[in-house]
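Following are the structures in question.
Both complexes below contain chain A, partnered by chain B and then by chain C.
Presenting the complex of A and B:
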């Protein structure tokens, strides 16, 4: 029973990270029909920049939001410099290469400037775990599902209740028509990448105190965030949220009862099978185009 | 007329033969092995283990500065040429070609990763270039399957000996005798498993668990719960800093603190990352800069501190303490061998390596290497290994910590 509680707790925490990163992919895709393939680096920057700011003497309460904001600005800059110029034509795929290239550059630069060693991101919530019999969890990890719920409600409110959010939905629905009614689609796309950056960087910042900040911390998580977005159907936010959390919990049970080494192999095989059965994703809908 | 034509033909033939002989002479190994006074290095300047590369550079550059200030070697200054392998074997091979063919260095220095060192076997053999490794500990780096290693030397630990050492240390410290092996799912970790199992058999230990994890894993609760439930009280760990830190966090989550005896992938960066949770974790190594230092070791540290004042302020900043001492000794062994060789000639240098007797920081190398015995192309022997432990954030000799005795 202790083991089951442990797998649920850590699965919920890890799954929340996947879901937040997956939601970042959702926000980018909705606006641009393109994503930053190395989005894991924005996740990494959220934690790494916080450590850098703490090194410079900033208090945690200032360093944390400043790091998230700075990482989100990097995400927006990537859209402006490495996605938009390569996503002009219908079915353009140049942005795939350019975002992978810029992500590699970001990771190398971070290694050179920040060090290749993992660094502690101090948080009072990651010092002593809460124990439940033989299971336990750091309060810091419990922040992740709380933040996920807050982010989900925030996004829902933004998309439905604000003018900019509605404009973003309009761009997602039909970029050309949105432009015809006066919406600056390019500006909205830039904003979408910025918001996605906020989500990714926030996830990195929140998990950083538990897993340490390092230049390579985002590689696998970025990939898994993309994976859950695809399984869910990348255009369905609720689906991404649910799939992210379920994938995290499933991983823990696979580790616990099947195989640690084969965890990713099983997870990725599952993804392929699900995509065969549900080509639009578990929560996606087939898109019909009038011709 | 006919005779003159025959003579001309003979002369032309003779000239051609001489020209061919000259060309072959120019291309012969003996000619190629007249090398430049440089140590060519291939290690990670960027990539996940870039800090190890930096630490090696600090040790090697400082040692060379001291040697060159005293007049160099054979009357010429010895310099270091570094190439980045990004942790990739293919890049390491490219770098070896550059070092051997373009820079024509007399010797090559290796970095951290065992697969990179293994990939160098053939190019080194082809170029006839000696290589010396201060870190990569894989057994087969030195002990080649064909038994014909002629060019690769090591001043570092050897996995086959390390595993035996760790099993013995774990056995001494385990109260219940229930010992487990936890290792990363890479070539380095997988390669250690048979060695650990063999060492455990020799020591009469039955491993109570074998657990693995993937690079980048954040949580290892599942593995730790299994080991805890199996009654394990001592873990032999084969991992590097980040994953080790995440493993210890997972132990802390479930309130379990077994003894940990680790291979040297765990460095001071680990303790910096997780703070007090590192206390008591034991690590095998070859040298510790925090103990009572010999005058030579103190001088080496002072020189590194003077040369790199922004990077090295105290011994705690020597993030790869054993590897840095190994590298320091390796440079001095090369210098001794060059003096014995009497020329910047790779073959003569290789042959002279077997005649080096040198008292270094890590060991008294007498001799450093033994010819026709590839097991002894390792200079650091198991008897030179030292157990260290983290205490208050520092990696100290085990005897200087409260963990020296069975506890």
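Presenting the complex of A and C:
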């Protein structure tokens, strides 16, 4: 019983990370019909930049938001420099190559400048585990589902209640029509990548104290976030959220009952099978076509 | 119907220059790869004019409209709007300058409510003049009472005619000086058209310049002042709509086949 609660809690925590990264993919995809394939690097920068700022003597309460903001700006810069110029034609795929290239460069540069070893990201919430129904967990880990709920409500409010959010949905639905009501679709897309960057970097910052900050921390998590988004059906935010959390929980149960080594092998196999059964994603439907 | 006061901000002492057209297109060419859809078109719309553009399917009408409104960049030629060169300017900039287009196929934001579609129509105005934008919403809804009844409905659930009303309303909300309408009648019942065309005539009487692209030549010739006839990417001829309606070239090619 204790073990089950333990797997559920840590699964919920890591699943929230996948869900937040997956939501980042959702935000990028819906606006641009393209994504930053190495989005895991934005996740990584959220944690690494926080460590760097702490090194420089900044207090945690300043370093944390500054790191997220800076990482989101990098995400926006990647859209401007490596997605937009390679996403001009209807079925362009150049952005796949260019975002992987710039991501790899970012990762190498971080290894060279920051450290090739993982470094601790100190947080007062990751010092002493608390007991919950016999399971031990850091309060820091519980922050993630809380942050996920906040992010979900924040996105919902943005997309449905603000003019800019409605404009982003308009761009997602029909870029030409959006332009014809006076919306600068390029600017909205830039903003979408910035918002996605905020989500990814926030996830990295919050999980950083638990898994440590390193230049490579984002690689696999970025991939899993992408898979979760695809499995859910990338155009469905709620689906992405649910799939992300479920995948995190499933991982912890596989880890617990089988082994850590089996986790990714079984997890990815599961994903492939699901995609075979649901080519549009679990919650996806064929995207609207022009009437 | 109350007369909407058109935006007066830019109408200074220097304008209107009577001889100068609101929209002037010269030698415009549009290509898709090696295929040339528009092959050197000259076209003008004067301030306050209601101009039609007719021609069969594939004549290049939509490509021409898309190049004028900034949806695509022309391969060659010039577009001047309101006295300034606007060739190749993106559509959101054209909207800001006062040229709005109701696109072929209407393209309402089907996943958003009618209310939000209208709000997006006011996108440029809400930043410039929020109070004026709200007043304009009321004026436009007075033109299309059906939309007021469906404000909270998703736009995708509207009938074709209602979607066309919404698309026109959305275009009007940017407070354009020139409204371009691409294929008003597409897929709509005659009953709906009998309701929509008078609204356009009324808007024109109130001072709005309109460029109407229409496959249903009889309708276009009945409401517009002047009409261009386009075929194979070129303008064949143009003239007063009343005269063209009796022109044998038009009757043979467009009226005989289409009208009733």
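As a working rule, the second predicted complex is superposed on the first by the 283 of 291 C-alpha atoms of A that agree within 3 Å, B and C clash if a C-alpha of one lies under 4 Å from a C-alpha of the other, contacts with A are read in each partner's own complex, and residues count from 1 in each chain.
The rule is short, and it goes like this: a contact is a pair of C-beta atoms (placed from the backbone, for glycine too) under 8 Å apart; a residue touches a chain by one contact, two chains touch by 3 or more.
Small disclaimer: the values here were computed from a predicted structure and weren't measured.
**Student:** Mind checking the superposed model to see whether chain B and chain C fit together on chain A or clash?
**Tutor:** Superposition check on chain A shows chain B and chain C fit without a clash.
**Student:** Of the two partner chains, chain B (first) and chain C (second), which one does A:117 touch, if any: first, second, both, or neither?
**Tutor:** Only chain B is touched by A:117; chain C is not.
**Student:** Determine, for the superposed model, which of the two partners chain B and chain C contacts more residues of chain A.
**Tutor:** B
**Student:** I'd like to know which partner A:97 touches here: chain B for first, chain C for second, both or neither.
**Tutor:** Once the two structures are laid over each other on A, A:97 reaches no partner at all.
**Student:** Can A:272 be said to touch chain B (first), chain C (second), both, or neither?
**Tutor:** In the superposition, A:272 contacts neither chain B nor chain C.
**Student:** According to the stated criteria, A:105 is in contact with first (chain B), second (chain C), both, or neither; which is it?
**Tutor:** Neither chain B nor chain C is touched by A:105.
**Student:** Between chain B (first) and chain C (second), which, if any, makes contact with A:4: first, second, both or neither?
**Tutor:** A:4: touches no partner chain.
**Student:** According to the stated criteria, A:167 is in contact with first (chain B), second (chain C), both, or neither; which is it?
**Tutor:** So A:167 only meets chain C here.
**Student:** Tell me the contact category for A:149 with respect to chain B and chain C: first, second, both or neither.
**Tutor:** It touches nothing on chain B or chain C.
**Student:** Given the overlay on chain A, how many degrees, to the nearest 10, lie between chain B and chain C at the CA centre of chain A?
**Tutor:** 140
**Student:** Between chain B and chain C, what is the shortest CA distance in the superposition, whole Å?
**Tutor:** Least C-alpha distance: 40 Å.
**Student:** Go through chain A and flag every residue that touches chain B in one model and chain C in the other.
**Tutor:** In chain A, no position sits in both the chain B and chain C interfaces.
**Student:** Tell me, which parts of chain B touch chain A in their complex?
**Tutor:** For this pair, the touching residues of chain B are 44, 46-51, 185, 211-214, 216, 218-223, 225-226, 228, 241-242, 245-246, 249, 252-255, 269, 272-275, 319.
**Student:** Please name which positions on chain A make contact with chain B in the complex.
**Tutor:** Residues 2-3, 6-7, 10, 13-14, 108, 111-112, 115-120, 129, 131, 134-138, 207, 210-212, 214-217, 219-220, 252, 255-256, 260-261, 263-264.
**Student:** Touching residues of chain C toward chain A in the complex: what are they?
**Tutor:** Residues in contact with chain A: 69-71, 90-92, 95-96, 100-101, 103, 105-112, 116, 119-121, 123-124, 126, 156, 170-171, 173-174.
**Student:** Would you tell me which residues of chain A are touching chain C in their complex?
**Tutor:** 163, 166-167, 169-170, 173-174, 176-185, 288, 290-291
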